[in-house]
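First chain written, first letter: the chains are A, B, C and D, and each begins at residue 1.
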Amino acid sequence: MDIRNRIAKRAAEYFKAGDVVNLGVGIPGMCSDYAVPGVMFHTENGFIGVGPAATGLQKVESFSNASSTEFVPVSGSCAFDSAESFAIVRSGRLAATVLGGLQVAENGDLANWTRPGGKFGMGGAMDLVNGTRNVIVAMELCAKNGSPKIVKECSYPLTGKHCVNHIVTEQCVIDVTPQGLVLLEVLEGLSPAEIQRQVEPLLIVSNSIKTMER
Amino acid sequence: MPGKIRSRDEIIAQFKDGQTVMCGGMHNHGTPNNLIQCIIDSGVKHLTVISIDSADANLTLGRLYHHRLVDKLITSYIGRNTEVVAMLEAGEIDVEFVPQGSLAERVRCGGAGLGGVLTKTGLGTVVEETRQIVEINDSGEKYLLETALRADIGLVRARMADPLGNLAYRGTLRNSNPLIATASDLTIVDADMLMDVDEIGIDRIGTPGVYVDMVLAK
Amino acid sequence: MPGKIRSRDEIIAQFKDGQTVMCGGMHNHGTPNNLIQCIIDSGVKHLTVISIDSADANLTLGRLYHHRLVDKLITSYIGRNTEVVAMLEAGEIDVEFVPQGSLAERVRCGGAGLGGVLTKTGLGTVVEETRQIVEINDSGEKYLLETALRADIGLVRARMADPLGNLAYRGTLRNSNPLIATASDLTIVDADMLMDVDEIGIDRIGTPGVYVDMVLAK
Amino acid sequence: MDIRNRIAKRAAEYFKAGDVVNLGVGIPGMCSDYAVPGVMFHTENGFIGVGPAATGLQKVESFSNASSTEFVPVSGSCAFDSAESFAIVRSGRLAATVLGGLQVAENGDLANWTRPGGKFGMGGAMDLVNGTRNVIVAMELCAKNGSPKIVKECSYPLTGKHCVNHIVTEQCVIDVTPQGLVLLEVLEGLSPAEIQRQVEPLLIVSNSIKTMER
């Protein structure tokens, strides 16, 4: 399995039947391929029940997700306006959201919407991290240039403070806890020390550390 | 009886230089494209636009930017529109970013006669720098105050409209449209289907006609 | 598959002494009467009730007061219920009055993850005496702050419900029910009709099932 | 025409086709009998298009007004929830509301929801007078005991400040203006002086004063 699918598959293990979940673009969006049956997907523009990409007669303007992809609604779907969509988000009705990350800090701060000076806007990310019950960051452990993305303090503009619950990367799974970052899983063939070298904060290695499948 | 159904020409005549226009739709979907064309045909400039995003370059709502009709934009995201990003970098447009859920609430407040709402979204981020912080006396909890937004003209895409202006929506075409329908001095609708009075059905109506001023004739 | 459909006994077991319960309906119409009966059968007391009004003496929601199950009431009007008026005069119940539109917004805030809204309703009246006044810095305008209301249990009347908890409403049966459906830790529905999944129709659904925890079995 | 119908009929002259109007209970509710065609009636519990009282098969729980009377929806009706109902009210989408009054002050303050110490609650009255474009008070000129209801300052708890536009009584029609109360119409057979004797504030008699039909 390639790195991106490995991350998505592991992140999707946090979902259980009956959950309503929001997925960001990129790797997070791939989580739907690995979710257990009974998970439903929410999209910011106002829908619960986002299904697979539509083709042919099913590809209509009336059903498109927040990435502008036309989809097929799954059984049990419902539609609502943008205010209701974010009411659902802020009030904690979403079991989980999976988002990309630029930086995650030791205390759970997340920076994921822009690099300094970026000019795209935050979209719905600040609402999602504010309200969702489980905020899961799915990202590669290090930036393209090898610099750590798990940091002592975020230098990029924040999406939210103290908001991240789980970090899933291609090499490890880390939980944010009041005590600090806890290393829960390490990729088959790697050691905790090899993870520690790639992150800034000191990791707490879980007593029950597991092996993450390749 | 035409009720609120109006000709293209009559709608084009409503647009003036410097107006604030809020527009439904997101990422090129659920946008009132026939009304976007009315703006372009009206020849107005220096608009302020309020919308969830700025669509793609020269597509749907993005056509307004392509034609350089907009001085200011209040939105949550422009990343899909290379032209708007370039304009922002060149200092040719003023963009105010609002978190998407807060933007929806600000428009709702504008349409609901409310002054604003208190939200935790954006606390501890750059958004906080431009917001009034309100502490609730009873709880001591701190929130950002997101104030009401209104516009001169609201442009709405609906699936169905009747001559009284009652509207119905479909799937994700809905998005911000029911909110945008409420918060302007003049609300104009681009409906896919014009229905007879009572054809939509009392319980299928998503926007009461009392909010709507004009429906574009087919 | 039953989904969220639950037996009467399972629903009765949810009620506990001292809970806060919010209930849809107005003036004996659109009230979840089968759930009112569940409360009475549960034998709980000392409830706090949040509702638009208190119905008529010993009718619909009024049965809770008749049976002396309620210590406190947050509402906009009790004038139709002679028993509640008498209880208030005798000091047997605590009543907090909220203007009807502000009450609706407070419940909506509770369900929408918002801290409160700013409204002009009640400015210069007795309502002001118990409210925090917020002045918007930019405009200097003064508003009353109406804060979010939530409950332990929300009781909702719907016309239709499906096993996922998606709800549809009919006419004025709707009233406060879609708001009440959003703002409690546990939301229970009394639906006139139990529908199959997808039978209601995506665009006819008024409350997304994600808000609903239990639907009373028929 | 009896006094109550006379007041209702005159108050209804403020409505024009296309208006959406909210009527209070009592005399205000009778205005619907005298409205021109094309006026639609709003009810607080969430409806525009309230029609005549229902009988037989049309008398159903699904259509009832804020006074708990089952009605027949008129053509063009729509339903919405309580929050939307008061959003319509506060945002000025109602052309008019007709309410009863206990006291109206010279400056347009209205007291209509309770006598001092009353224990019924304000219902939706404070919202209605806050947002509606035209606030019309329809009431008898004096209280049952003959004391004036149009006063210099309200002694009863207020419904709203500076909110009344028009006062319609069985003897006269008065507008609230920045200059004070303007007497516009006097019942056939009465003089402005006879009205003045029954109100506390000094009335400004309109130059174009008219006769109100009996």
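Following the convention adopted for this analysis, a contact is a pair of C-beta atoms (placed from the backbone, for glycine too) under 8 Å apart; a residue touches a chain by one contact, two chains touch by 3 or more.
Keep in mind that this is a model prediction, so the values were computed, not measured.
S.K.: Under the touch criterion given at the top, what is the topological distance in steps from chain A to chain D?
M.R.: Minimum step count, chain A to chain D: 2.
S.K.: On the document's contact criterion, could you list the chains that touch chain C and likewise touch chain D?
M.R.: B
S.K.: Taking each chain's centre as the mean of its Cα atoms, which chain lies farthest from chain B?
M.R.: Computed centres place D farthest from chain B.
S.K.: Measure off the straight-line distance from the CA centroid of chain A to the CA centroid of chain C, and report it in whole Å.
M.R.: 34
S.K.: Where the CA atoms of chain A average out and where those of chain B average out, how many Å apart are those spots?
M.R.: Those two chain centres are 29 Å apart.
S.K.: Between chain B and chain C, what is the gap in Å from one C-alpha centre to the other?
M.R.: One centre to the other, that is 31 Å.
S.K.: Would you pick out the residues of chain D that each touch at least 2 other chains?
M.R.: In chain D, 73, 79-80, 83, 86-87, 89-90, 130-131 touch at least two other chains.
S.K.: Which residues belonging to chain C are in contact with no fewer than two other chains?
M.R.: 105, 108, 112-114, 119-120, 159, 169-171, 202-203 - these are the residues of chain C that touch more than one other chain.
S.K.: Would you tell me which residues of chain C are touching chain D in their complex?
M.R.: 26-30, 52-53, 75-80, 85, 88-89, 95, 97, 99-102, 104-105, 107-108, 119-127, 159, 169-179, 206
S.K.: Can you name the residues of chain C that touch chain B in the complex?
M.R.: That would be residues 105, 109, 112-120, 132, 134, 136-139, 141, 143, 145, 147, 159, 168-171, 202-204 of chain C.
S.K.: List the residues on chain A that touch chain B in their complex, please.
M.R.: 43-47, 61-68, 73, 79-83, 85-87, 89-90, 109, 119-127, 130-131, 157-161
S.K.: Which residues of chain C touch chain A in their complex?
M.R.: 108, 111-114, 162, 164, 166, 182, 197-198, 202-203, 205, 208-211
S.K.: For chain D, which residues count as touching chain B in their complex?
M.R.: Going through chain D, the ones touching chain B are 20, 42, 48-49, 73, 75-80, 83-84, 86-94, 130-131.
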